[in-house]
Structure formats: structure tokens, C-alpha cells
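Have a look at the structure below, then the notes.
Note that the chains are named A, B, C, D, E and F in the order they appear, and that numbering of residues resets to 1 at the start of each chain.
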Amino acid sequence: MSRVDGRSNDQLRVIKFTRNWLNNAEGSVLVEFGNTRVLCVASFTPGVPRWLVGKGEGWVTSEYAMLPRATHTRSDRESVKGKLGGRTQEISRLVGRSLRGVVDMKALGENTIVLDCDVLQADGGTRTAAITGAYVALVDAISWAKEKGHISDSAKPLTSSVAAVSVGIVNGEPILDLCYEEDVNAQTDMNIVCTGDGNFIEVQGTAEGEPFDRTLLNQLLDLGAAGCKQLTKLQADALAK
Amino acid sequence: MSRVDGRSNDQLRVIKFTRNWLNNAEGSVLVEFGNTRVLCVASFTPGVPRWLVGKGEGWVTSEYAMLPRATHTRSDRESVKGKLGGRTQEISRLVGRSLRGVVDMKALGENTIVLDCDVLQADGGTRTAAITGAYVALVDAISWAKEKGHISDSAKPLTSSVAAVSVGIVNGEPILDLCYEEDVNAQTDMNIVCTGDGNFIEVQGTAEGEPFDRTLLNQLLDLGAAGCKQLTKLQADALAK
Amino acid sequence: MSRVDGRSNDQLRVIKFTRNWLNNAEGSVLVEFGNTRVLCVASFTPGVPRWLVGKGEGWVTSEYAMLPRATHTRSDRESVKGKLGGRTQEISRLVGRSLRGVVDMKALGENTIVLDCDVLQADGGTRTAAITGAYVALVDAISWAKEKGHISDSAKPLTSSVAAVSVGIVNGEPILDLCYEEDVNAQTDMNIVCTGDGNFIEVQGTAEGEPFDRTLLNQLLDLGAAGCKQLTKLQADALAK
Amino acid sequence: MSRVDGRSNDQLRVIKFTRNWLNNAEGSVLVEFGNTRVLCVASFTPGVPRWLVGKGEGWVTSEYAMLPRATHTRSDRESVKGKLGGRTQEISRLVGRSLRGVVDMKALGENTIVLDCDVLQADGGTRTAAITGAYVALVDAISWAKEKGHISDSAKPLTSSVAAVSVGIVNGEPILDLCYEEDVNAQTDMNIVCTGDGNFIEVQGTAEGEPFDRTLLNQLLDLGAAGCKQLTKLQADALAK
Amino acid sequence: MSRVDGRSNDQLRVIKFTRNWLNNAEGSVLVEFGNTRVLCVASFTPGVPRWLVGKGEGWVTSEYAMLPRATHTRSDRESVKGKLGGRTQEISRLVGRSLRGVVDMKALGENTIVLDCDVLQADGGTRTAAITGAYVALVDAISWAKEKGHISDSAKPLTSSVAAVSVGIVNGEPILDLCYEEDVNAQTDMNIVCTGDGNFIEVQGTAEGEPFDRTLLNQLLDLGAAGCKQLTKLQADALAK
Amino acid sequence: MSRVDGRSNDQLRVIKFTRNWLNNAEGSVLVEFGNTRVLCVASFTPGVPRWLVGKGEGWVTSEYAMLPRATHTRSDRESVKGKLGGRTQEISRLVGRSLRGVVDMKALGENTIVLDCDVLQADGGTRTAAITGAYVALVDAISWAKEKGHISDSAKPLTSSVAAVSVGIVNGEPILDLCYEEDVNAQTDMNIVCTGDGNFIEVQGTAEGEPFDRTLLNQLLDLGAAGCKQLTKLQADALAK
């Protein structure tokens, strides 16, 4: 049984990284997972938040948000409502944790990098696209910082790369990189965040309908790890240009 | 190498459920996982939120919070700060999702159950204690509703039971049900939510330090599933009284 | 004519103080006035807010709150609504003022004590129970601070004890320590806060229905002062254990 | 020993009511207690809040606020800070309760009156001036509503008049209607709200320094009741014009 | 065709400045443009906000607000709603910009002046009355500061005076200083802010109905500039007293 | 003397409209004024806000915002701060007013169009780009609505087109369409909003430094009107494709 967009179960959507999408940011990438389009921007600032000053360590954090009409119907702005929704905060925290998972804070030195991930168009998998794109922006920001002398040339602030992908069970079958229509129909939804050398940084699986057993869980983990491997390759290609 | 409180790696803390801790609530349980103490209260109300009216389905949701001095040092109140932190919202969402995972909304009928989980004392594992205790409160609230005739006697709103436990890697070894001191030192931290028949509702694992490989992940899943099985038994015992 | 719970008009409910209800707080008391149950926690911190630094004086403040299902029907959380209600702020201010009324800030030195009073179950008189319990927690926190050397042994930060009780007119008769059912039916409701040596710190009387005359006011003041005297004795007993 | 402005201990400041201070409001009074100047405005609207609809009863509520430079030094605006302070809410509630104390809600019918009390200049006693002035505005708004036919001519929505005054102990002596300088130095501060026939609606006394004994409390109650009696007379005079 | 209040098209309403309306403020003016009544208060404080410290420059800012019943029907308080409306912020910014337009910040030295403009009664033109009155309060505050030695006698912090007026097209004719009833019916509404020597600080014109052509725009500019000239004279007269 | 980017004083930057930038929105345009890049999205919904129901009229409104790193240095998110800044609200109101200026609400019928203008990259003139782009998105949304039958084919909801441009005085010379570097150095800054037939909808001029005289004002108006005329042509070209 084929998928809504004709992909095979273990096939990613068309993935595209457009680096330097902004003129002024230290790193900026428009990442596309099919129709999902996320602007990932890395802002580098010398110095750290007050609670870190003098420890010789850097700080990496992230904020995720969606434009009001990224989705099929318009959502109210969180800035207008005056508060952040739980989903927004949860994903912001996930993106930050994922990126910090490959950063050596000592090597970064007392510098701060904020990763803004703004979803311009949403078609499923926005958080995994955000993580995958943010890594590319992070690399560019660190290169910039080395060039400007904020980080010494010999320092290695990155211990690995990081990529993320969603997997899920739709119609009883495990599939990779769900688009919105698939996501809505998934019994189980899982997000996998892996380093470039194939280890896990974060695994989050949720039964939306039926609880899932260990066999399915294993299949999802396999599928997700394989998807991250492909994304790691695509990130490297994009960065090689 | 032994654990800070002398437990074996696969041993739960002392688990205690005190049902009917409040006089007026439809279900209320003070659950204790060692020194972690969470008051789980189920409030049953006939009727559903506006967006569900007329669909013949019920609604279950949850709110998690901590008293300011549940922790070692006092935290500011979120009510005073005027906004909910990301952690609070994230856990509230997790608890709600976990409980909904075993509820048949059609069988519940157009009724709403809110599960308030307030941490009175925190010593690690508050979210898993909350889920585990909230299930017991939920059962009591449903019994109450059947008694009062809000739900028909033959209806089966619960498809299974649900329990949750934390697992983690400390000093390279997988251990079950981490207390605060262990949690702080864990390289990887994972929360497992299982149904009474051993399937997964939610799996959330995070590398706090080193990314983890598939072997460790599998060990953690085994350990967590076994822990949930024990908790399922303890819930049943508590409900049998 | 007898009261709903069979008490005589000048009789307190069963009063219970459970000290050290929490493991980590410097002072913590679960106080019960019948079914009203308030967790009073004193958090001691060396140092004072910025506006007091260098004056050689300490600071005592309080925050009062209710768990959502402390009452008969569930209330929305103030943290979720994003603002504190007037009642909450008013009672927090009252508790703080009442406790400060027996503290010698010079003798306390540049130290801060925050008294958190969280109502776990409400059956009338929550603010008076909060004051009465907070005093006991305050004593324990000060003992802790003396033991740890934050306050010198010879210092006397407490000038007296403080207790509070509600009085009211129900069916035309003055009664002491109203439970919820009585409170709802009271024509006049009054809260009396007294020191251990019988003086007044705060007197707040409100005509809920009929305005009250001076004769009734005098009766209420007599009744309240007598009630506080009994509570003072019970506090001393609890602290003697 | 004489007072800062030469008054005798039981003497009010110069009291002035300017009715119809605004063109459009149903009732509006600029009330002055010496230099304290409060604009009290009664807005009458047919209809009641949703929770009262169909009960045949009206609603009276109040909001109290201070202009930023009403005081000696400028305060930040609560609208800019984005939240109401505890003091503001406490006084708003007191003013509302005090006015409701003389309103027969059945006779008012399903109509709402909001009393806005804005302090233009503060020199002590702003809450008591607000209550005293709001009563006059309330009378005017009810007359307007009778004229317009919103309330029948024969209805008596007011059961009495209401006035309020502060009393306090300064240098050991009870004095009436404290100005700011006296208020700052008061050991005890009390606000008395009385009906026109001499009964109490609200009594709030606070020991700012030394706790006070019953004798002093009685003196303050006598002084306050006598002050309210004078204010009742002045209100009647203003309304007779 | 005559105006609702019988004025000629280029005639201002009765303008009145009452200086020193408050006892404690460094400058305070009750300004009246017909029935529009705005209390303009200048609060002078030595020192500047942190971002200006050490630059040898002062700071002037403004906050505009309306009392809830300044208008025909009562509006909700922004302090109660917990956020500032767009109109309030827009006008606050306009008033601040307008006043800063005539202040030499170097000559002011490291001092801050906050201009609070609170509309007590609104009958059109509140923002222009606010600017015009705030200038008078500003002059008084600067005189006060010179007297107290916060600004040297020879310093000239004011480069000119500033006044503002509204103009608009009603029934096809350009008219000056619109009252509320005219404002509601205006096709075009324009606010002109001029210095005493006839230059423009701010020009804001909005087509409420029909877009306007250049000829009408020129007429409005002429009319507004002439109106400001008259107001400049009236300000000077008020300050000469 | 030439401009920073070599343009002549009356020359626009390169203007670019990319229609249908999003898949799901009824109208969406990425508009570019040089490096300024604004995503303008028109969301069409049948029905109107409650206060308009039954009047046979539609509603058009707008929200403007900036991504955190649209600017040279990162700004904090308003959603995280929990409140909208004055600038954001002011521009949102301006954009909404400008678009409403060319909409016949009767012809639109009881339908709502929300125009979201999100600045992805800011290099001066973001508000004028927003208005100019939003018009194109509005046209597309109306075409969509006609196609879907929400608006009858014969209805003419648009009375004209609308475009906007900034003008300013830099180094004493009036120039058109300022980029950021010019904007920062402008003595006077003006935004002109014109209909396609050359009338004004909004004129906002502010002296940032020196007040400006009538001659300069006239030059700015000429320059702005001419700029809008060019933009009108470019909008028509874009819509013709």
C-alpha cells in the first residue's frame, strides 16, 4: 500500500538546505522537508548569561515558533495572546537540548548562540526539520566566530553533527518522515534525534491511538536511525558547498 | 557498586498510595515514590468543553504543578510570575496524554475528568509518580460516576491501566526509578509509560551528557517495562483495598 | 440551637499541628482546623531583598494559595490564568503582616523568611489556619537558623506568638471558628489575629448581609480573643513536643 | 499635643463634594478629604453579568486606582506593568463590598452600577474618601436611572447611606481622619465603614507597630463611628443641593 | 454651514490651562480644550535610565491613559485587562516624541522627566490637548529643577515650545480642533504638532472614509499650523502668569 | 551627492513580488524592497467578528511582526516577553487602516480577511513594504473567494489599489524609499500611503532631529506620491502575471 505522496515507507521527502538565507545573521538556513519550510537562524554573541559568567563555558539555546498561517487554517499569534503555548515551549526545549547534545561548551568558550527556528510553512515534521536545519546554521555561526576570532581556530566546539526525523505507524506500517496528512492518521508518532555517528540524543514516542508493543518500537527506532543517517549525509553535502 | 539509598539497580523505591486523601474530590490519591509525594486528584464533571459538545465523547486532561518548597530550595510561584514554565506545561501535557491513552472516550460519554497532580515534595520521578497516582484517582472517579449514574454500569471507559517510571544511566549502569541525587548525575534519563498489559504509551529518553547507543536504549526499555509491571501490580493492590 | 457539627458556639474545631511535614524545609507544619488542612512552610535564606541591604534588618513575607480541588468544586489555577486573584493577594498580605507583627526585624538580622501557606483542603477559616500554622513553622525555622549560626543564640527575633481565628454571626448568634457551611450562612464574618499576650494585630469584620451594631461587634471581639487564647496554648503544646 | 495640621484629635479634614464633575457619567463626584482628591464615578448599565441573568437582581462593583503622580514620588502604572497590585485589588474589593452593603439588589433590578474611584491626589485616607464619595455618585446614578425609567419610581434600591473614615493611634493618642504624614507614623491604622444609621459594614484594624489592646480598639471604634456620623451629615448636605 | 457648537471652521474651542493642579508634582497642568480635560504631570528625577548613564544627556518620556469613564460609555481598564491597547501605546509614543522634539538633551543633563497625561474627560482631541498641556508642565518642571539646582541657570533645555491640534474634513470642509461629535463624522482626521516658531514636529493624517487629495491636505496643513500658532500664544500667556 | 547604494534621490530599490509563496493561504506574497523582505499573507474566512454579525459588512484587519533576527542584532520575541511592543501595535494598526481604505465592506459581504505581515529581513521601510505587499495578497484572496463563491462575481470589494513608501530628509535632501542606513541618519522620516488613483490614505511625518518646514514637507509629499505611483504600476504588473 503506497503513501499519499507515493514515497516508499523508508523514504525521506525532498530535503533542501539554503544556507545564508539572511544577510546579517551569523548562520541562517532555510530548510525544507518537502513542503515543510523552516527558517533556522543562529545568532552568535560573545558573552554568556549572568549565571554562567566566569565558568569558561558557552551557552546554546533555541526558540521555535510558527507563523500564524504556516498551517492550513490561521492560528492566533502567541505574542498577541500574551503567552507561549505548551507545544511551542516543549519544542523549543527539545531543539535546544538536541543541539547542546553535540556542543562542547568548554570549547565554545564564553559565547552564546541562540537558534531561532521559525516555521514558515508546516506540513508535518516541523520540529525535526528545525533540529536538522539548526545544526547547519550552527556550523556556519561557529565558522563565522572562528573567522572573527571569537573562537580559536584549534577549538572544536562540535563533538558530532545532529539530525532528527519523525517516524510513525500509519495503517499498521512503520513509515519515515511523515507529512501532515500522515501525521494526522498515525497511531504512533515518534521523533528520533541522532548524532552523526549514529547514537541517540533524544527519543520521544507517543501512542496517539493504540499503545504500541516492543516489536513496533524496535522497527521505529531502526527506521528513524536510518533516516537520521541519510540526513547526516545531506547536511554534510550542504555544508560542503 | 550500590545506589545512594542501597537499592539494587532494578528496584523501585517504597511505593505508597493513600486513596481518598481529600473529602470532596471524586478521586484523590496521595502517591509516594520514596520521598517524592504527589497529590493526584480527579475532578469529574458532567459535560464537555464546547468543542466536543454533541460528539458523544468525553474528555480527560491534566495539570501538573509543584509547591514552591517541594524542592531543596524554594522556587518562585508560577502564579506570581504570571506565566507557566515550559517544564510545567510539558509535564501537564505528558500526564494528560498518558491517561487518555487508556480511556475510551466514547464509553466515558460526555463527561470531563481533570487530573490535578500537585507535587508536595520532590525527590526525583515526580512526573512518573504523577501518572501512576493519577491512574488510581481516575479509577476512583469513574467508580464514583458510575455510582452516581453519570456513566452506565456496563460502560468500560478504561481499556487498561497505566503506570510510569523513570530509568537512567548512572555511572554507566542502567538503574530504575531514580531519586533526585541519581537524576542529577544521570548521563541519560528516560521516562517510560506502559499500559497494564505491557504496551508502551510514551517513551521519552534524553541524553543529558553522552549520547546513548542502541544497546543501552534497549536495556533502559527492558528495565522500564519491568518497573511498570511492578507498579501495575501495586496499583491493583491499592485499588483492591 | 446547635451547630452543624454539634460544637458549642465558643468551641474550636479539632486543631492539629504536624511539624516537619517536609524533609527539606527549615520549618514545615501541616495545620488542621477540622477538615481545613493547610501546609505552612517557612523557607529561611540568609540575606535580604535589595531595598533592605545594609540596614541590619531582616524580612518576613508570605504567599497564600489554594490547590485547585481544595474546595467542593474545582477552581482554575491562577498560574494557568496568568494572574493572581484579589482574594489570594489580600490573604497573602494579611498573613505576612500578621507574622511580621511578632517579629523583631533587628533581632532577625539580615535574613529572609518566606512563609508559604498552601491550602490542601478548604472547609472555612483557611486564612486563620494559615496564620496559626505559619507561626509554628516560623518558630522551627528560627530554631534551625540559630542551630546553623545564621542567628545568634541570644537573639530574640520573636516578640510574642501569633494566632488567628474566625468568628461570625450565624442565625443571630456569635460563633467561633466557622466551618464552610457556617461561613456561607454568616451575616457577619470576622477574622481576629492576636498575639500570645492577648493584644490585637489585626481585626477585620465584614457585614455580609445586615450591617452589625456595636454590641454584636463587642461579642465577636470577645469570642475571637478567647479563641486565639486557646490556639496560643495549642501552638505552645505542639512546639513543646 | 496638636496634630500636624492643627486639627483636634476628633476633627475631620475639610470635606468637599463636587457633584457632576463629568458631563457624561450617570453619577460623578470629586470628593476631597483635605488634600486627598478622588474622582468617584458611577456608571449605570441596564442588564447584569451573565451569572446573574434571570435572577431579578442587580449588581454593584467597584474599581479603585491611583494616577501615577497622585503620590509624592511617581509610581509605575499598573497598566504598563501588566498586573494589578495587591493593594489596588484589596481596596477595590473593599469599596465594592461597602457599597453593596447598602444596596437592595432586588430593588435595583437587573441593572449594573460600576463605581470607579480614581485617586487624583493622595494625602492619606484615599480608600475611605473613595467609599464616601462613591456613595454620593451612586445616589446620583440611581436618580438618573429612575428618571430614565430603568428603575421604577417606587423602588428603594438603597437601604441606608454609607460613609467611611480612617482612625489611628499616633503618639499613643487615637485620632480621626489621618493625613499622609500621620498615617506614616501611626502605630495602629483602622478603617471604619458605617451606614447612615450607625451600624458597621466593615471594620479593619491593623497594628503597624505595637499590637493594640481592647481599650485602644474601643476608643478607635468610638472615634470612627463618630466620624462616619459627621460624614453622613455632609453627604446629605451635598445631596440636598 | 455651522459647526455643532457654533464655532467657525478655523476656531479653537475654549482653551484653559490650570497650572499647579497637584501639590507635589514638579509640573502639573489641567488642560482643557472645551470639554476635553487632560491632567498633564511632569515628574522630574535626577539621573537617567541605565542605557543613558554617562552620556551627559537627559531623557524625556511620556505615558498617556484614559480614565474608564472619560468617554460616553465606560471602557475596561487596561490595568485590569493586563495589557496596554495599541491606541494607548501609539499616543504615548507620539506625546513623548513631540516633547523630545523641543528638548536639548545635552542641556537637560543627566536628568529624567516623565510626562503623564491622563484624560479625565474626553471630547475629541485628547492627544493634541495632552501634548499642548504637557509642554506647559514641562516648562514648570524645568523651572523647578533650575530652582533646586538640578539644572544650571544658564542651561537652555528647551529649544522652542510645542503645541498640537487636530484638523479634519467634515462635510467636505476643513475644520480646526474637532470635538468628539465632529471627529466621529470626519472623512479625514489629522493631527499637527508644531514648534513655537512654526515648524512641524509631527504630521499624521488618516483618511477615515474617502482618501483625500493634495489640495485638501494643503488646506488641513494650513489650518493646523494656524491653530498651533494660536495655541503657542495661549501657552505663553498661561506661563506668564 | 550620491546615496549609500548609488540610487538617485527619487529612485526606488529593486521591488519584487513573489505571489503564492505559501501553498495553503488564500493569498500570499513575499515582497522585497531591496533587502527588506516581508511575507504578506491574506487569510480569508467566511463570517465576521461578533460585533459585526448581521450588518451585511465584512472585516479586514492586519497583524505585523518581525522575526527575532530580521534585524542586525537579535531582538527578543514578543511572544516570549508576553506582550506586544508599541511599535508592533502601531504598525499593525497602520497596515489594517491602509488596506481598509480601499475596501468596500458592503461589497466584501460578511467575510473576514486577516493580513499577516511578517518581516523576515529588515532593511528599512518594512511597514511600507508590508502595506504594498499586503495589497497584492488581498487581491489574490479576493479572487480566491470569488472562485469559491464566497463573494459574488459581480461584487467589487476593492475601490482602488493601495501602495506605500517611505521618504525622508538625509543630509538636507529629500530621498525616496530609505534603506536602514539612511533611515538611521534621517532628520525627518515620513510614510506615505496612496491609492492607485493618487489620493492619500495616510500621511505620517516625524522630525527625528530638526523640525521641518512647509517647503520640505511639500517636497516629501511630492516625492512620496511619485513613489507610490511607481509601486502601483509594479503591483499591477505582478498581478497581471
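The rule we apply is simple: a contact is a pair of C-beta atoms (placed from the backbone, for glycine too) under 8 Å apart; a residue touches a chain by one contact, two chains touch by 3 or more.
Protein names from UniProt, one per chain: A, B, C, D, E, F = Ribonuclease PH.
Keep in mind the model is a prediction, meaning the values are calculated, not measured.
Engineer: Between copies subunit E and subunit F, are the contact residues mostly the same numbers or mostly different, with half as the line?
Structural biologist: Counting which numbers both chains contribute, over half are shared, so the two copies meet through the same residues.
Engineer: Round to the nearest whole Å and give the separation of the Cα centres of subunit A and subunit D.
Structural biologist: 59
Engineer: Could you work out how far the Cα centre of subunit D sits from that of subunit F, in whole Å?
Structural biologist: 50
Engineer: Between subunit C and subunit D, what is the separation of their C-alpha centroids in Å?
Structural biologist: Taking the average C-alpha coordinate of subunit C and of subunit D, the gap between them is 28 Å.
Engineer: Averaging over Cα atoms per chain, report the distance between subunit D and subunit E in Å.
Structural biologist: Measuring from centre to centre gives 33 Å for this pair.
Engineer: Subunit F: which residues touch two or more other chains?
Structural biologist: Residues 82-84.
Engineer: Beginning at subunit B, go round the ring through subunit C first and name each chain as you reach it.
Structural biologist: B, C, D, E, F, A
Engineer: Please name which positions on subunit A make contact with subunit B in the complex.
Structural biologist: Against subunit B, subunit A makes touches at 83-87, 89-90, 92-93, 97, 101, 160, 190, 194-195, 198-207, 210-214, 217, 221, 225.
Engineer: Can you name the residues of subunit D that touch subunit E in the complex?
Structural biologist: 22-25, 28, 35, 39, 41, 43, 45, 63, 65, 67-74, 77-80, 82-84, 88, 114, 116, 118, 120-121, 123
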